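There are structures below to look over.
The two complexes that follow have chain A in common; it is paired with chain B in the first and with chain C in the second.
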Partner chain A sequence: MQNWGRTRRFLIYPAVNFLNNRRSNPIAANPVFNSAFGLANHRDSPLYSESEKSNLHTCFHSLRDKVVETGIRSAIRFQHRGFGSDATKIQRNPLFSTLNSEDISYFKGVLGEKNVIQDEERLLTANTDWMHKYRGSSKLLLQPRSTEEVVINVSLMNNIISFDKVSGILVCEAGCILENLITFLDTQGYIMPLDLGAKGSSQIGGNVSTNAGGLRLVRYGSLHGNVLGLEVVLANGDVLDMLGTLRKDNTGYDLKHLFIGSEGSLGIVTKVSILTPPKLSAVNVAFLACKDYFSCQKLLVEAKWKLGEILSAFEFLDNLAMDLVLNHLEGVRNPLPPSLHSFYVLIETTGSDEAYSKEKLEAFLLHAMGAGLITDGALAQDINQASSFWLIREGLPEALMKAGAVYKYDLSLPIENMYNLVEEMRIRLGESATVVAYGHLGDGNLHLNISTPQYEDKILAQIEPYVYEWTSKHRGSISAEHGLGLMKANEIFYSKPTNVVHLMGSIKKALDPKGILNPYKVLPHSLSSSS
Partner chain B sequence: MQNWGRTRRFLIYPAVNFLNNRRSNPIAANPVFNSAFGLANHRDSPLYSESEKSNLHTCFHSLRDKVVETGIRSAIRFQHRGFGSDATKIQRNPLFSTLNSEDISYFKGVLGEKNVIQDEERLLTANTDWMHKYRGSSKLLLQPRSTEEVVINVSLMNNIISFDKVSGILVCEAGCILENLITFLDTQGYIMPLDLGAKGSSQIGGNVSTNAGGLRLVRYGSLHGNVLGLEVVLANGDVLDMLGTLRKDNTGYDLKHLFIGSEGSLGIVTKVSILTPPKLSAVNVAFLACKDYFSCQKLLVEAKWKLGEILSAFEFLDNLAMDLVLNHLEGVRNPLPPSLHSFYVLIETTGSDEAYSKEKLEAFLLHAMGAGLITDGALAQDINQASSFWLIREGLPEALMKAGAVYKYDLSLPIENMYNLVEEMRIRLGESATVVAYGHLGDGNLHLNISTPQYEDKILAQIEPYVYEWTSKHRGSISAEHGLGLMKANEIFYSKPTNVVHLMGSIKKALDPKGILNPYKVLPHSLSSSS
Partner chain C sequence: MKIMVAIKRVIDYAVKIRVKPDKSGVETKNVKMSMNPFCEIALEEALRIKESGMASEVVAVSMGPTQCVDTLRTGLAMGADRGIHVEATGALLPLSVARLLRALVEVEEPGLLILGKQAIDDDCNQTGQMVAGLLNWPQGTFASKVVLDKEKQAVTVDREVDGGLETLCLDLPAVITTDLRLNQPRYATLPNIMKAKSKVIKKFSPQDLNVEIKSDLEVVQVTEPPKRKAGVIVSSVDELIDKLKNEANVI
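Take a look at the complex of A and B:
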């Protein structure tokens, strides 16, 4: 209590609806939101994924070569090296036919001249993932304007179809940008149940296809709980109308869940119905220091009970993560005076009553300081302070990219054991690398990042498969929220038993017998090649 | 405001953890929790569902005949007539073999003598559903004690496997009684995210298999959001270990959702991992009167904003429902003085802070009265009052059964249109029936009940298919939370398009090619008979 009294940093601010504005970091928390769509081509001649590479080292060089070849000089320099695997180069499925001028004419007939894109620069953008690590070889980009026209890029399908102010149920097309939906709902007194750093560019169809997690999951749960309905186009062109707008519907198997998180490999999401929570405007953010990981855990448990219904985020980072963001990101400062803090926790509360929320959070912080769970802390005084606290946590991916090469892992682990992995990796790698940890502690989601001056195969060999094996041993997930994509398709067995993966394969075969939807992704190559 | 001051019924009570005790009504809100398991028989000789009937009229008589035949005199009298359909008698699948003494010896070898039940009385209980409307013809009841031994009755598989106090994640066997889990969690400071009238008898495996909704859905969402993992035994005996204990896991298709709500027809749930919310002990209950349905809707919207994070139930009933419960259930009284109220709303709040929750609810009620949204109301003063308020709402199914025959419908509808159906039915049926409406307004779930002195075919013909057609036209669900079972299997097309149902059929065929799991249920007979 005395300590608490002495620190004068716990100032209260009048939270004025900064919920939707507090973050504008362009770095995506999830790399695949926009690339989640594969393609359904009624003539079975896919235009995509000709020779994607999953060996990143190879990819890195060959991509630079290609960039030179194609004469595009503005190529992004690859400072960072992502979460890698030793998977071999993908061979194009020989059953796939190749694009010819007849196909192009056909598509122009369906979509109109201007929605069939062959411009090299636009193709390069569409073929490249957000981290600039992978590059497809598609020669054509199709932009449908309606479900009937679908395939591939749904960015022109960006209409809000309906919103019910009583139930809070929103129905929209898949190409709606998440941030636009957030802005629209704000005028209606509602919010989206998910929020991401990448909201400015990611589309709701991609969010659903990748089962995006993000910053509100601890409060509002996953998309499996919030998505009420989907319209999906299957590989054979069939349109599945599962676009229910009901909170409860027990009529048969709830097939929409197959498409949530299947990364576009079972069908293309074209419309989404989603339950949105009412907007509660009393938001407070505290930035706290803890002396050890055990204190962070205890703080979480206490917060769940004592903050209860107003807790909306519980994020953590360790001191190496803090150093990194302070050293590499401009305009970021530690709100707490320099000291030997081992861990930092960001707590956000959201409620319907400003005075009460403030009072409750303050009482909780006093209690936590009295109990020795936190050693210092600051309570945002205004929206700018709150944004600056969030910037520390959200600036981490960018800071890591600026620091050099980075090996990234997105793991779910039992909260109790989570940080043991970080400590083991530090011992294992010694001076050769900086092991940085942060993540959504409230969800048990660790973002483990290993930063080195430059990429080295021998460092990768020390990390993998060790990290995957460790995660598997502790019944964790090797991909908490980012999905498997191409890179981790073969690593699925670390998190799923063989017979479960085989059942996934059967379902893939039933829905997409020719394997034309987002090929080579999600399922292990052994399964996809056999089809 | 003046009105409010005059009514002295808004008394505050110190809510002393009555959350888990407030209801003990034995009438289940969901009829199929315990009957959700079909059977997987590795020798392909099912013991169940020989000749279940979906024509209730036939069923009603034939069941009485059988009861006489078997000499069991304590048979329950069938006062009520349930939600009916004109579906014809089910023919036993001729591919199924019949039970012989060799089978019985085999099962005794596997499960032990005492877990192979042939006792007539125990078989009668197991063959009869909770409403005593359907009766199976199984000659044998098997009670496995472990996943390896499964199938059919999992009541002996009732162990809690683990509970993580930091994350709130519970792992248990499928046979655990919901109420026992609630009691266990109470000692740990957590609650189950679902609660039902039938908690004293329903098992968690059945809750999951039927995607039980219940009373906490408005606050904590559906089981698709809360169930983190399942262990499932397939028709071929294969055990699928999807028993993750992680909030986030994006490694491949999330297949557990196929089994949530599939009524045991795709596999048998043997273990469940579920996220449990922290227990918040400040519970308040108000019982309110509204002059019309529009006011109920407006009250809901206001409650979502003004009560926000503490709103935990929003139930409604109309004046005919109130009359019915007052006339047929002993010990129930209207907490509001007799007056011409058209609608009643029960609001429950749950929060972490007693004083604040009370204050907030009172302020909201004052506001609602001032705005003319409610015409009268009472705030429970103690746990007994709160229980008596809940008893009105939860006593309705029992009161309906006592009142005579009843045609029951469990519908999801857009909240805006919901009550139009009730009014249309009253016009349609005139004096011949009493149309009673109540339900989970916060979830858009209407329990439409049509009460008559005795069952009549011509009344059924006026109700069906009209109710289903009306629901379909408004994109509602003909089964919000009760499932399709045998009775509504053929009605699935009212809520799902043909190609979606056919895809369900493909999945059924892939997982259970011989159709031995809970046969004749969920999917339309046209699909199941073709397999």
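Take a look at the complex of A and C:
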């Protein structure tokens, strides 16, 4: 079985309390499962009478009581309960009906006994997000194998359908794990245009549904540019075949862009056709230290000019982030001799000629050092050293998890002011929390992480809505790449004007009139209740 | 005291190797090459000895085609003082390398010759032992700890052997080959990369050293190991015994 905590394609019962939060590893589309399911719309069965109103019952509380009752629960579960944030309590939409045993038998008939999961342990893992911050109350988990069946968790749909060696166009099913795709393409001489720290468990369907950014966006652009086609299943069960493999196709409105980044609220992605760039052999990684944030910015500008076409990643982290990684992650050491560095920058170049690339990078680094932009740096001499540099940057989310509770914010901000927010948060929170910053400096994307021993409401009150207001004031985005999900659905107005959000609501109504796909997420609750 | 370190340019450890279709060898075109990991460890140990004050100079040596200079530059960027490149095209098997090293030792007169225990491309594990034999020097191979005693002009080496650890005391000059747990090599930092640009790499040819490169060995064929077969679940002890007897032929 997969590492459920990470594979995000699971269904969420319209729960009262906490539905899934996400980190950079997104959840894919999940239709919310209940009896009045999309399937019902084209099966006029008395099973699925939508007039059935359920009582607003606190699913979470019933689950929690069960946990206390059964007593076989391990200590870990209780610890997870402690982490639950008391913040949002979602009222279950009264139009949804409840699960009953007839539904379960029906699904067993369609999918086979094995793929309908009711086991409480597996459900608990599926219901809890990676950070153990939210917990849903799904009573059922379904795993289909093809588009004809009900699509809930697509990890079994993990075939690579085709790959064109000349054009580099890959067509695969949505459940393929990103790392497996990378390994496959490696044998063909190509790479995926996106790369994340969590590639070992994230699925491509999820990456597309959340428009994942990743580490190489500065070089290859976003998924909106790289995805050539999608096969999507709509709320009413219709299968939309937009699985084109053409670079150019200006026939009508390009609907796939609606689904990319829709977080599963408009439809479920089941197949993806993506353009992959050729694998270039000369990869070099440098780990640098800068004395202040201003130098980091100037370094970015210089890198874009001097490294130009070979620049493939530009990441930064501050010294608190470095300390965290060194303390909490195994087998990690600081590449640079210990000194008072305030900022670290990781630069990666990818080119076709080893000697040329290395020379160019070395010349750039020595020039930067001479100009005082960097105080020290190390250049990886082999692939192992390059991986260890990346481990420092990619291991940050894991290190933060191990350090305790963490409040994560993924913000797009103008590069000049980006770090000012970090400094202001440090002043606001003082001793009560450690404010750590890292991110894709090349894309203007800050990952602000506030680490505390435990989740506490008063700390949360100091952070939100201040962070959103600050971001809004600087015309930034409150969610650069992580999406809105449940946590930020109601905050969308900080980054988008009201009339725009209303139009989004109309589109949602057109594609999912009953609101069964991933309810309570992406769009503000006020929109759905007014319908 | 001078320390000489032999380093080899090999296919990067993290690369997935492919055998050439004609089975004459491994595909090396467009493949990333780096310093042999054990050679890195050897160089790191030499640098640490120098930094502790027990050696005055570290000389890095590499043999092979022109691109070996890149590997030597890496060595200089780590902190070696000088480089020597013996230019030789074609296959260089351990005995030829050992002969070349002997000739260089006679030129440079180091007190210690440190090598990696083996190269990750041929896994020979022969050069260090051969050169010690040719020079008639004591050898401490598979070193996991090296302690120098300057007054006694001796070095204590802990060796990783099958039974555990063996400690030897060698009189200098000596040959040491390094094993994985000896140290963790440093990264090449920018100030050192900058300094390395002005360091000297001297070129020799085998003729300069009066060594004839000839090989008594010929590589006939290179093939991939057979793919691992899936396991079989047996249903009873009798079936297991039957398979062990008749299929695996081990009982």
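We adopt the following convention: the second predicted complex is superposed on the first by the 443 of 531 C-alpha atoms of A that agree within 3 Å, B and C clash if a C-alpha of one lies under 4 Å from a C-alpha of the other, contacts with A are read in each partner's own complex, and residues count from 1 in each chain.
Following the convention adopted for this analysis, a contact is a pair of C-beta atoms (placed from the backbone, for glycine too) under 8 Å apart; a residue touches a chain by one contact, two chains touch by 3 or more.
Just so we're clear, the structure is a prediction, and the values are computed from it rather than from any experiment.
Q: Does the superposition put A:366 against chain B (first), chain C (second), both, or neither?
A: second
Q: Just checking: does A:109 make contact with chain B only, chain C only, both, or neither of them? Give me first, second, both or neither.
A: A:109 contacts neither chain B nor chain C.
Q: One more residue to check, A:337. First (chain B), second (chain C), both or neither?
A: The answer is second: A:337 touches chain C but not chain B.
Q: Just to be sure I read the superposition right, which of the two partners does A:453 touch: chain B = first, chain C = second, or both, or neither?
A: In the superposed model, A:453 contacts neither chain B nor chain C.
Q: Taking the superposition on A as described, I'd like to know which of chain B and chain C A:513 touches: first, second, both or neither.
A: A:513: touches no partner chain.
Q: A:266 contacts which: chain B (first), chain C (second), both, neither?
A: first
Q: If you count the residues of chain A that each partner touches, which comes out higher, chain B or chain C?
A: It is B that touches the greater number of chain A residues.
Q: Which residues would you name on chain A as touching chain B in one complex and chain C in the other?
A: Of chain A, no residue contacts chain B in one complex and chain C in the other.
Q: Looking at the complex, which residues from chain C come into contact with chain A?
A: 12-16, 30-32, 34-35, 37, 70, 74, 77, 184, 187-191, 193-194
Q: Which part of chain A faces chain C closely enough to touch in the complex?
A: Chain A residues touching chain C: 186, 281-283, 287-288, 333, 335-337, 354-355, 362, 365-366, 369, 374, 376-385, 387.
Q: If you look only at chain B, which of its residues touch chain A in the complex?
A: 164-168, 189, 210-211, 213, 217, 221-222, 224-226, 238-242, 244-255, 257-258, 260-262, 266, 278-280, 297, 300-301, 304-310, 350-353, 356, 360, 412-416, 440, 443-445, 475-484, 488, 492, 494-497, 499-501, 503-504, 506-508, 510-511, 522-523
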